[in-house]
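See the structures that follow.
Shared between the two complexes below is chain A, which has chain B as its partner in the first and chain C in the second.
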Partner chain A sequence: MRRAALGRDPTLVATLVVLWSLLALFVVYPMVVLLGRAFVDEGAPSLGPLLSVVGDPHHRKAFVNSLLLAMLVGVFGTLLGLLFAFAATRASLPRSWLSAFDAITLLPLISPPFTTSIAIIFSFGPRGLITHDLLGLTGTSAYGLPTTLLSETLTYFPIAYLTLKPVLASIDPNVEDMAYSLGASRRRVFWTVTLPLAVPGLANAFLLLFAASLADFATPLILAGNAFPVLPTQAFLQITGLFDFKGGAVLSFALLVPAAVVYLLQRHWVARSHYVTVTGKVGPQSGYKGTTPLVRGLIVVGCVLVALVVLYFYALLLFASLVKAFGADNAFTLAHYYAIFSEGWRAIRDTLIIAAIGMPLGGLFGVVVGTLIARRDFPGRDALEIVTMINYALPGTIVGIAYLIAFNDPPIALTGGAAIIVACYVFRYSPTGIRATVAQLQQIDPSIEEASQSLGARSGETFRRVTLPLVLPAFFAGLGVVFIRSMTAISATIFLVSISWTLITVRILENMTELSLGPAAAFSVFVVLAVFAVTAGVSTLLRRLKAPGTAPISVFGT
Partner chain B sequence: MSEAVGVRIEAVSKRFEHRVKGEVYAVKRVSLDVRPGELVTLLGPSGCGKTTTLRMIAGFEMPDEGRIAIGDREVTRVMANDRNVGFVFQSYALFPHLSVFENVAYGLRVQKKPEPEIGRAVGEVLELVGLAGYERQMPHQLSGGEQQRVALARAIVFRPRVLLFDEPLSNLDAKLRVQMRGEILRLQKTLGITSVYVTHDQEEAMAISDRIAVMALGEIAQLGTAEDLYHRPNSAFVAGFIGRATLLPGRVIERQADRTTVEVLGQRHAIVGDQDAVRVGAAVRLVLRPEALRLAPRAGRGLPGVVGARSFLGEKTEYRIDVGDAAVLVASDAEAFKIGDPVDLRLPERGLRLLDEPTS
Partner chain C sequence: MTRAFRRTIGAIALGGALLAATTASSAELNAYSIWPENWARPMLVEFQNQTGIKVNFLRFSSGEALARIIAEKNNPRVDVLFGGPVETFGAGAKEGVFEAYKPPAFAVLAPRFKHADGQWVAIADDPLVFMTNAKFLADNKLQPPQSWADLLHPAYKNGLQMADARTSGTAVTRIFSVLEVNGRDETKAFDYLKRLRGNVQLYTKSGGGGTLPVGLGQAAGGIFFIVDALDTKAKGYDVAISFPKEGIGTAAEGIAMIKGAKNPDSAKKLIDWASSPAMQSLFALHKINFVPAHPEVKTEPSLAAVLKDAKIFPIDDAYAGANRKRIVERWVAEVLPGN
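Moving on, here comes the complex of A and B:
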């Protein structure tokens, strides 16, 4: 469809008007209000608020800490991810091992926030299983950089694994065998062939982890403690503790700058420089000879250890949810589960209602935008793509504060209701559905839509009869992501809950601050199980719906 | 059946932005008049603009200049869904989520035809393309040839006024291609639907077309029947694209009535037949068709040549005859000549074409 045709396609025009209105209201407007709050003082543009924040040593420290933490999480998470990716693609492990690794690395991705934090407190706190019971230490603190780093690394390294696995898998082993047959030693092959080919993937993984850690709000809130302030928690405390919206806005802006830099780096530098080593037909592959049995053994042992730590944390969580008071009274009880389904029931109900409203909206939004981006040529298409990515790419704290400031007062007062939480989910988590739709459509011959057109169908009818059924898998993938995020996200929505509408994740946080860790653990177990069930259900559905001849879509997008 | 209508393309152009070359013409002032019921083929190498022209007739692309009319109706700015044109895609473009029946019924459902009529029409057309009984199959269960038949059935079931084919056979193997083109021709003649057919395969074009438009660089190089193009090409490009030809440089020595004498490779040769307007003294090129040339053992009658290469193809034997610097392709019934044999290359008197263009 050419530009010239825009005027004669009323459906397209109407769709674009609706989309842009929604994006203007829920993406552009909150950001403008946020920046306005940060840079306008008493009606005049001013750098005063920014300078006062920069001048505050505590805030400066939070900024430096955030970057330091993100850097370390990026490095360690990428290394762990590389370890697992190498084991998965180069250690010729049996299939059952690979499935086990995949399942274990999936756990942190679908868990609510605080999951590892709770387990770390159980392990390393003053009465921790490891520090107190095992090592006999007293007066230990579970707070600070080391535990925050450990928790975030274990939470986010699966992102690096998922990024690096296809990168390593796409390196044709024949290339490595070639270097080997040319006389290079195994170590030399790794350093001169495998690693250089994986560099773009490593950089990508590092940046993704850096961004994830920078945006992480829940982990430092629990584990960082007073000695190690970071930006997202500072912004949160500024608003909820001091009701200082302006200070929160300025701190958000301080967070926005590195996040935007990382996002742009990731998008424009890494995304472009990837190598394709599989050219033409891949010949028969001999077993990979690049590792000695010893190295291979060490790698597998490393992976197993990490996997055991992850499993240990989740086992601990399950255990804590089933005993009266972890560490003090280890008698079996279902009281915590009773609690979450009685006094905690409202949070579960609210969460499910909001998810139920957000899922179809988010799924549809993803499919419509994805179809427009992949299939139509119209003025402002690139702008549309970028604007739909903004809320997704920004740390949740920024989005939450922007929504809070923008929709707190007339003309558009939405805070306190369910609508603002739904809107937050739809515009923050639909990019996965958008990208899944684009990926799906790229595999489908564009002539199919032209065929429908030549058979007399108008563009709306073509979308309904042909495009929509074909992108149904992407629709369900988008739906699944909105569900997972409504069950697990907190950084944005913590600012948007109210007396009338609350969320499971927020209840977990409240439980944590009240030190009622049992219900917090029970909630977490419930969320993990619910998300696991829905993920499995959606994955099965996706395999069923897969159009013949197209690659399957992951719930986690691409 | 409704009355067949013609398709008229007037000075249609389509430009696009090239990354390196800037604005270039994909199609440049192309005019074409397809008569009612006729099958015209757009033939040319890839990138010659044939598919773009076809897509503009379908309404998938809008021309930057010019007009397109189907019958009496100008459709230049009409959307594709409003043109009543059947399109058969190179990739078939079957709806993968719909059964054979639903694929074929699609156009009728869009027109909101009553159910019994849909059932009857789809049944008839599946019968016509030889797929009765396939109604419940899904596209991915079908072979390439069967998918092609479904695509064909889907394009004709709603009685379009014009049928457009975009290289419909290029994904089939050679044998099936020959069979399917016979069926397409039979269907087109039975239904009498005006058709435009795009292909890069000259044999296919010659086999099915009423007329052929040979395209090059976005323009129509020559329009005519297969016989016209073969015997009377108007350019070296057409001569080389339709059938095979060796071009030899020559000079017109003398002209009288329908007899023209040319000098070629140092010898005089008389040609019988109309040669349009070649002037005496003009530099020309002779179009030599391999099967029109004859070989004889060297006896001083004809162009003196030496056998440079030989391949035995069964029906014919193909020789490359070196005459001085020129290499001439000859398809001969004689199998006996060996590489290095001196031969006489005899040019025919009739059916030789002179191109009034200097060697470039």
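Moving on, here comes the complex of A and C:
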């Protein structure tokens, strides 16, 4: 009934028309305009602007630096993620320890991505709390590659942890047991069994971190300094300070190439990672033997150290939000919190309104596209899947600049409104909902829906009464992601704020780049608490709604 | 699925309605403020209390604000550009984005505090200063810098912070100061700027962005507007403020109505108020260290004491406005990349 049903199923046709129109407008069109700006010079196609970037030593240096930083963040973040994932799945730690690790690794995920950079400015450098006060070092600098790397690694390693934990958990210990009973040493089992099985997951984690670092202009804006210019920050300053759309478009394109390569590699690895679970269901645990007490001890010590560093940075942030002037006047005050709820109220209100509009739209979009991809066969299905992923896969800086260029002037002038910010969230963050829907539906037998259809229900009714209840968890996951991103993301939306609509994250960055550290810290604490509350709520809901026998869904969509 | 779409459309309509509700209203005023929130908010709140006109404002560094106003020329989103150094207003006047308006105070303002045709008027005066960390000076047995050349001292290597000319008017005022002390000889001025680059650790997005690191001692020093520098000192950070003997620029802080403003009456009221003693006498009250532009408002005594022996010259708005774009581009091309 499937493909043949296209002509007889007006709902499906109408849905596809609407989806493709939206995707054409909010995904394809901005990218085409961006490429047009970068490659059309005075009406004629030209490589001139691109060559001028390649020829500029400063830009070339920034490009190389960006790749170096992203590479290092990928390596160190994946290693930290592996450490935590190993501790969580292989070190037989008590439950309370695992919950504590989970809670601490959650912190960077639910705060704006540059929050640790304030704490780093206090901690390193000639008068830093760590380098000077604790270690007595002189001649250090708070700016440059080391501190930027530290900040980004601590911010993004939880993504690697969340990616690697299920991968390690799904490796059947019985496979490792078999190796032991065949006489292999622990080390040999780790290198020849466990690690190879985890490789697709490791590659995936590395690429996710690489892309996250490539998109981050805010951390280097604060920490990189003149010695270590990076491309996203240069593109940001070029656009925001000079409104140099052409220059910004060309710099964005330079970022787009590695991002696209990474995305293609990632698709390759993700596709392979499906083969990891060789035996399907994980057999009964026979007790993991892969770690000696010494190795276990080292892993736990490593995790505790990293967790302490993360906690230290957030404690510093909390402290900065509660004192008059950090480092000069450490008297307790609630003035910064008063300020964010009075002066900063508009940003909070705007953010919540935009999140409230974006959440149901993003959730619905994810579920509709996910259902179509998982359940229906129609011409252009693969194309639909790929196009919905574009805005998600690209660094936010590129998406933001593309939206600004595409929607700043007629025929489609949207800048200045809330709609453009909502659209940015919906089309950038719905892939989490899409993938959750697909994953959910793959675990549910399609015969349930076919039964509904053969009893005479049309596709709309079947969707509403059968499929929708089944995909409700994915809907809420999509909703949660849009909320978290509305509160924490900045790389795309900073280009889209206006006099009428502003966002908390943009206020935080603005406060930080001025001199109002207290409000920046207070805003950050507020965001962490709000997102933590909503994440906890959505997670509880997801556990309630989880159909028996299906895999749990994470709101972080990694 | 049709119902789902009806809901989607409903949600979009709701969003649109919310949008319309927040943008349409009568006694309102939209402004881009170049002054940081700390300075702009108390002033604009007072204005709102005194006139009942609701002010929406968004803070941008001056390069950003100017770029936005130029980009929005055909469909202006704000009525007023509030605060910010004179070079930004000179450049805006050159781009034709302002509507001339002469407030009552126009007649009494000194010539350098107004555009002859009323494209902009000044609401304050703001000199640049050198600000250095006192502990850094003591550790390196240095005096606070007394000359532009002092900033080239090797002790400051990779230790200074100052603003990025792409975004910040503080930076542009600084560059025009260097041009003036070099007799507007661009070759000499850029030669100095390039040498200074070697001692700069970070060009910040906002003019005041480096004050906190200098206050904390994470940076050795920098060049800032006095309003930001004195605020850092007032917060308790141990910093020294000094002036170069060759002189340093001061920027008239301007206000202007945007051409095509949607609320011109409210915009004029704000310009009237901000250019009069009504606002400028509030500086001292709120401990904001701007020098008043209106001749009837006295400079607060402690601020006057800091400025007493300093050699300060005004930045010429016509020269700066005409050359701003070119000078910034040259700075981006020649100074920013370093060697």
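Here is the rule we go by: the second predicted complex is superposed on the first by the 523 of 558 C-alpha atoms of A that agree within 3 Å, B and C clash if a C-alpha of one lies under 4 Å from a C-alpha of the other, contacts with A are read in each partner's own complex, and residues count from 1 in each chain.
One rule holds for everything that comes next: a contact is a pair of C-beta atoms (placed from the backbone, for glycine too) under 8 Å apart; a residue touches a chain by one contact, two chains touch by 3 or more.
Quick caveat: nothing in here was measured; it's all calculated off a predicted structure.
Visitor: Kindly classify A:514 by the partners it touches after superposition: chain B alone (first), chain C alone (second), both, or neither?
Guide: So A:514 only meets chain C here.
Visitor: Looking at A:242 after the superposition, I want to know if it touches chain B, chain C, both of them or none. Which is it: first, second, both, neither?
Guide: So A:242 only meets chain C here.
Visitor: Applying the document's definition of touch, where does A:411 land relative to chain B and chain C: first, second, both, or neither?
Guide: neither
Visitor: Of the partners chain B and chain C, which touch A:45 in the superposed model: first, second, both, neither?
Guide: After superposition on chain A, A:45 lies in contact with neither partner.
Visitor: For A:456, decide between first (touching chain B), second (touching chain C), both and neither.
Guide: A:456 sits against chain B, while chain C stays out of touch.
Visitor: By the touch definition at the top of the document, which applies to A:447: first (chain B), second (chain C), both, or neither?
Guide: first
Visitor: Under the stated touch criterion, name the partner, chain B or chain C, that contacts more residues in chain A.
Guide: The larger set of chain A residues in touch belongs to C.
Visitor: Once the complexes are superposed, what residues of chain A are shared between the chain B interface and the chain C interface?
Guide: none
Visitor: Over in the complex, which chain C residues touch chain A? Could you list them?
Guide: Residues of chain C touching chain A: 1-5, 7-8, 11-12, 14-16, 18-19, 22-23, 30-32, 36-38, 41, 56-59, 61, 63-64, 67-68, 70-72, 75, 77-78, 135-136, 158, 164, 166-168, 197, 200-206, 208-209, 211-213, 215-218, 228, 231-232, 235-238, 328, 336-338.
Visitor: Which of the residues in chain A end up touching chain C in this complex?
Guide: 11, 14-15, 18, 56-58, 61, 121-122, 125-128, 141-143, 221, 225-227, 237-238, 240-243, 324-329, 343, 346, 353, 357, 360-361, 364, 368, 408, 413, 416-419, 422, 459-460, 463-464, 497-500, 502, 510-511, 513-517
Visitor: If you look only at chain B, which of its residues touch chain A in the complex?
Guide: Going by the criterion above, the answer is residues 58-62, 77, 79-87, 89-91, 93-97, 106-107, 110-111, 138-140, 154-155, 158.
Visitor: Within the complex, which stretch of chain A touches chain B?
Guide: 2, 4-5, 8-9, 444-445, 447-448, 450-458, 461, 465-466, 469-470, 547-549
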